[in-house]
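Same chain, two partners: subunit A is paired with subunit B first, then with subunit C.
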Partner chain A sequence: MPSTAAAAAAAAANQPDELIRRLRSGDGAVKLKALRELKNQIIGNRTKKLSYIKLGTVADVVGVLASSVSIDSDPGSGSGSSLIVESAAIIGSFACGVDAGVKAVLEAGAFPHLFRILSNPNEKVVDTTARSLRMIFQSRLAPKYDFSKNENADCLISLLNSDNENVTGLGASIITHSCKTIADQKILSSAGVLRRLITLLNGSLYQREASLEALTAMLSSNSAVISNFVDLDNGRALSSLINLMEDKSPRTRLLASTCLIVIGRTCSSYLQDIELKNKLILILVELLEEPDRVGDEVPFALAKLIVDREDLQRLAFEANALDKLCNFLQRETLQPKRFEGLLLAIAELCSRLESCRSKFFSLKVLNLVTNSLKHDAADVRTVACICLRNVTRSVKKLSAGYFMNEMVVDPLIQLLHDSSNSVQVAALSVISNIVVDFANRKSIFLRCGGIKELVRLSQSMDPTLRLNAVLALKNFVFLADNSSKECVLAELTVSTLVSLICDPEPKVQEQALAFVRNILESGIDSIKPVFTEDGIIINAVGRQVRNALDLNVCLEGIYALGNVATGNELHKEAVMHQILEPQVNGPSQSVLMKFLQGNNSQLRVGAIWCIINLTYPDGPGTSSRIARLRDGGVICQLKKLADDPCLDAKFRVKTALVQCVNNNSCAK
Partner chain B sequence: MSLFWIVLGQPGGLEEMATSKKLITREEWEKKLSDVKIRKEDMNKLVMDFLVMEGYVEAAEKFRVESGTEPDIDLATITDRMAAKKAVQCGNVEDAIEKVNDFNPEILDTNPQLFFHLQQQRLIELIRDGKVEEALEFAQEELAPRGEENQSFLEELERTVALLAFEDVSNCPVGDLLDMSQRLKTASEVDAAILASQSHEKDPKLPSLLKMLIWAQSQLDEKAAYPRINNLSTATLEDPRDL
Partner chain C sequence: MPVRIAESSSCSTPSQGILKFEILGWHLVSESSEMELIARNLSISDSLTCANSGDTLPPACTLLSIGQAFSGSQNVSSLQKDEAWKVNVRIQGCDLDHGYLCGTMEALNVPFADTPVVTFWEGEIVDTKNYTFFTGKWEATIEDDIRHWSKFPSFSPLLNEVKDNGGRSLNLSNYPYIFMRWKEQYFVNVGVDCGLTIAGFYYVCFSVSDGSIDGFYYDPNSSPFQKLELKSTNEGKSGFSFSSYQLQ
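Let's look at the complex of A and B:
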């Protein structure tokens, strides 16, 4: 049957191998036809793009582009420009939305060719090339455009000044992609780019949006450039930006709002006006309804606006933002990006205000958030943790033991095995909150195997994981009963604890010492376990107190020793030894004297607490300890602190001195 | 658009006296209407916008020369847009895709929904032509990967493939996919996407203005009896019924 044979032949001609063969043909017409087929196969089709990238087709296309540029420079040849248009379009499409494509395009050396073609006289050629370059610059993999080179800056200005809409758009995209540092922003600002971008705000929709994105990149975290911008044309630039927040195009509204957010986050004076703040929030809340890209990006913008700003969080709450966000969260088919943004915005709203958290619980979305701990996308799992971390700050719910149940705890413990580091860290931050649990349901966490996992991560090679794991352990033993504490110590082992106290990271040391401090805080029974194995824990604590440079490490250490000093004679003597021993490689002065004489009032208070506990009346060795303290100059120094400017210190000194003096008079 | 507000602004003044329905005679009404000044340029822009959006290239070109009204789009691009739209309407979807890609390769790369709908339309055309094997292969090769990327595409794909399960498509629950209206729907999506790529709105202004007119009249009906426009194509004023 000839018709079937013809169909089979046509199908064969469409096969990748055959198409690539024709791409390499010497005949321009064959080549052009193959290019067009390739273009129509890959545009919009990710799967096809990936398979052609694997076959190395990108290099072939760039080859065609390069050779066509030289044909095209020969006047009288018309076919060159069609080849350029088709191959440039294909290169742009490979770079659109596929990281592997961007990489292949860059590796094949397409960049310099494309830039050169921008000066081609044929408008269609320039349009396609500018679009393709823009596709590449929209990828994070594109190389950074170096504005500090004069010729580059000149080239950018000439792009921005072009009459061709695609070329000005390319200029703006380059800024959006590459303007990252204060130095970049300064160079562009002094080259007059701000003014040009503001002019483009009056151009077509496309130019306006490209220019808004570029402006946001230029103004981000740079107060000098922001004030340049605001001063331009007597503030007209700022007011036209504010006007664009009410534009007809949703994307323009979003981009203008984002730009204002960037300005307001850096220079809050431009975002003081309550009406403007309200307007901004209302616009963002309304934009949540938008489909596609705009709707996906809005929650991130909202989150960025309200992060750490209680006033804005309150306004957003009053504008019903939380209800809306939670409503959206309950919709059935949500793309991961949208889901992530919604969770993040909810997290930020609940980061400070208890009213928001109560509302969150009343909206009954906790289960949904807990379920999303198992989401396929790591980014979603991370923000689900962040959201839980912020809502579990609710002391009211926490003290009711609201979160300490298998439904919440189990998936969190699972996440401690997650392949993504940031998910693990985020999960630890939630665990740190919920294990505080005042309702004495800590055993549930033990039973679920949580402690074992925390101990495992406390020995991770990654310092952030170690830090957060130790922090969670510290919170777990806070106000825990002695049997729970013993379980934790047994799981952790004395030697691991010692190595954490001596960790290379001061922040880990601090948390390990705070852990010891929490362990020690329930009387003599809680002190004994710390004295196993020849007191290596107390020795490690003492060593840090004497030698550490970090204030918080010293502080946690001295309080831990203060807690030990509430124990029996043996314990008190051990503390005496640690704080009166002269410092290694330092002056002969003891660490106790150093703290008492130092400028830091917190350290003074910690040291005085130690003395109070060491000189507590009725101990058989109390008199001897007071005598040794006196010999060490401590009592004398205490007297000097009788008028300490820090009230806490002043008050504690009084107690300490009374104990020492009374003991003295009893002894006489 | 300023024009619209002028038209609406006129009856707005009646509100205060609208305790009972007021009768406005034709003379009064015509006098009021003649007081409204509409700039000729605005009217011309409105006409040009309509011609451009609806794709009347030759008329637009003539109108440009005669009225001196500059269109906000290169008139040459209208032909391309119309050709792509028409190709979908005739069921030549592959041809339409090529035309869109020639016009601007970015459109289908950045608009997954439109791309999917075009591919879906291609599948529908294959099924319509009875090319069952080809249709199945096409669905598997081209559409299934899109369904994996997006849940709602998967549902639409399933609905479309269901066409193959019925002997008599005229009686099947998804038979509407084979209607002309499905082609028109896809074609207008193509039209809108091309217009959007030209930074242009997707609907002409004139029809929305007429919608506003109807809305304004129905608002006014509650307060007054006046010469109404009932037939939009002739736009003649009809005398109010006696109260």
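Let's look at the complex of A and C:
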């Protein structure tokens, strides 16, 4: 045959249709050859994998595997083993890194066949099958292995006790994938799995890393199992782990560090030693340089380590972690995963320490983070918002009006329409901070249409969106000028505000009342709008103050009423009516007396401020109000608070009583 | 900004002189004899030692909360009493856990300035946890610290403890005064070439009782003991209002 014709024939044989036809052949040798060709085509080739998955090839391969298992049970059949090895390897390859592949493999029923093959006497067969199963278990789509079934637990132990490193690795992978609950961790710990995993730490690189991942799953958030682990062999297990943080394999260093982070997050006493904390941070910072998977995962590990831990954030900052992270962020080609991790680690570093935020601004990456609000990946957009949220916690920068500009505000407002709910919530959290703006540049936000969007989301069916939108509105009207406040009220409408004050969620009620409080802060002109439509706003506020069970709702409500009481006579009388009226279905005492007699010092102080404003000197109705407060037992109660253990309450009581006494003196 | 002002303005509460009346068996007196009240009824020594366990942070005070305003003056020179700048202060941030307070300071009649000069300042609250009475920076020696703190009458009961270790062992959670250092960080509305300096910082004493603030500006290169005197203000309203924001 001429050579060109031979090449054409070979190419035709490699065509998918032809290959599938040969897979279905009754001839074992033809099948085996087709399997090898298929394996070579799909290894490392995602596109090919997806195209064969679409053609239903996975089911054919699983079919070959199933039939080969029965052939292989016939002693003396050599071809059966080869077919198993090839088909199992292909199944693993389809499952490797492709969710659709895992789904197809599971739907084709490969799982039970593969598990059965693990007891095959042929070492190579077992080796390949274990590797394929491990690939499946690396996917989140793999079914959860039920450790509570005795036979499953026994099977797992036998896997971990195997001499074959791929089989022990499979056992560890099953734990990593399926050990998710306290109950799972307890079962495995009781079954002696910890000790076996620690032994595997001394095995091959593959076993060591699989074991570290499994240990992390077993120890996560479980102080009892952590305690068992630390006590094993007089603490040698923990020492081994710490030693592995300096292993020559970067991945081992990362996994050992991650395991220690999990231990330290749950039981901080094991991560107290300053040297150990420093070492952990330095290792992670160094690992940021690593390429590929390790480099992708390190920022997440660093973020997990320092979240809510100011001491560790400070150490990481001193180890120049922020400089490095920002430096990486500025590299041109970053995969979304790496980008997300870097943003998250920066966000955590800047979550509490102003020194970190200052450094962040000096490193000139704000624009880069702002630009990533438009990233294609929703996870990146979310984390970019979280990063911005944390850096905008800087009152120093807010005071300078640093963030209130179209370049930052516009993309954030657009994210309020994002298809991802978590992006919307994260964007709201940044907006909440930015609109605090002390530099009188709030009109920029109004001009960009931000208020319209916040009002829209304040009526969302999703309580989280509603809560965050109302919180942002509250922050916007904080120390805003009256014209800005009027714009917000006009957009929100009185009826919507009333429904938010009476929202089913107490947290929304609290924020709505705090919004009202801020609206009312700037004197008579700011109070008047609250008295429109027959005073339904102040009535709603009063109802909540009298009836709410939530402390914060009462607190915001009483301060809102206190602010109303800084207005004119009409306003003060309205407050008198609200706070002296007996509570519905409650005792006959007024809510004012209830707060003054209560245990909560903040509520007492809020109530006393209300009285101070109601008895403020020189008002034509002040004497009458003092008389009514006296009749209601309020003045008598104030005297009882003259030695209040809360200094703020004690001194405010003094002011109130002085005002009352002075008024009486003047009246006489 | 070497801001200072001459005479203190009048008290925000209406009563002047001593006002006495019986409340639960002890005498309540107005602010003009405030120290007397504290000495007799609050007992400074008790207030310093009664809370050895638990929270030792200074008392939260609504008059020193976010959004609150103060007005008064700063004398530029202790010799020329008439040379005084009107000063307005607004609290913009407060984080008691970290002993942090911040806000703006507006000087109104600064010579040669076309507009009021606004600066942003950050405060360290002396809570003996985050900060002690010893400054340890900004060119302030321990002697400078003691000399300035001693200008506040309310500091005298603390002096001996402070001399030992900056007052680290003191518990100020029930003390009716809050001591702070305010350091201006930047000019908000004018450039750095405005001819003013913010190189120094203020030793500040806030009275929980009436919300008044006294301060002394310290800058080795400026005239000493420029006095800041501020009163809590309701900005012309018929009472005191309170607003809030919440950073996420």
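Basically, the second predicted complex is superposed on the first by the 648 of 668 C-alpha atoms of A that agree within 3 Å, B and C clash if a C-alpha of one lies under 4 Å from a C-alpha of the other, contacts with A are read in each partner's own complex, and residues count from 1 in each chain.
In the analysis below, a residue touches a chain if its C-beta (ideal position, glycine included) is under 8 Å from a C-beta of that chain, and two chains touch if they have at least 3 such contacts.
As the structure is a computational prediction, the values presented were derived from the model and not from experiment.
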Joint occupancy of subunit A by subunit B and subunit C, clash or fit: fit
C-alpha centroid angle, subunit C to subunit B via subunit A, nearest 10°: 110
In the superposition, subunit B vs subunit C on subunit A residues touched: C
A:Leu205 touches, of subunit B and subunit C: first, second, both or neither? first
First, second, both or neither for A:Cys502, with subunit B first and subunit C second: neither
Touching partner for A:Ile182 - first (subunit B), second (subunit C), both, neither: neither
Touching partner for A:Ala490 - first (subunit B), second (subunit C), both, neither: neither
Touched partner set for A:Arg131, first subunit B, second subunit C, both or neither: first
First (subunit B), second (subunit C), both or neither touched by A:Ala89: first
After superposition on chain A, the shortest CA separation from subunit B to subunit C (Å): 36
Contacting residues of subunit C [partner subunit A, same complex]: 13-15, 19, 21, 23-24, 26, 28, 30, 41, 59-62, 67, 92-93, 102, 104, 120, 122, 174, 176, 185-186, 188, 208-210, 234-248
Complex contact set, residues of subunit B against subunit A: 94, 97-98, 101, 104-106, 108-113, 115, 142, 145, 149-152, 199-200
Touch list for subunit A against partner subunit B, complex: 36, 39-40, 43-47, 89, 92-93, 96-97, 128, 131, 135, 165, 204-207, 292, 333, 335
For the subunit A and subunit C complex, residues of the former touching the latter: 389, 392-393, 395-396, 398-400, 429-430, 432-433, 436, 438-439, 468, 471, 474-475, 478-479, 514, 517-518, 520-524, 559, 562-563, 565-568, 572, 605, 609, 612-614, 616-617, 619, 639-640, 642-643, 646-648, 651-652, 654-655, 657-659, 661-662
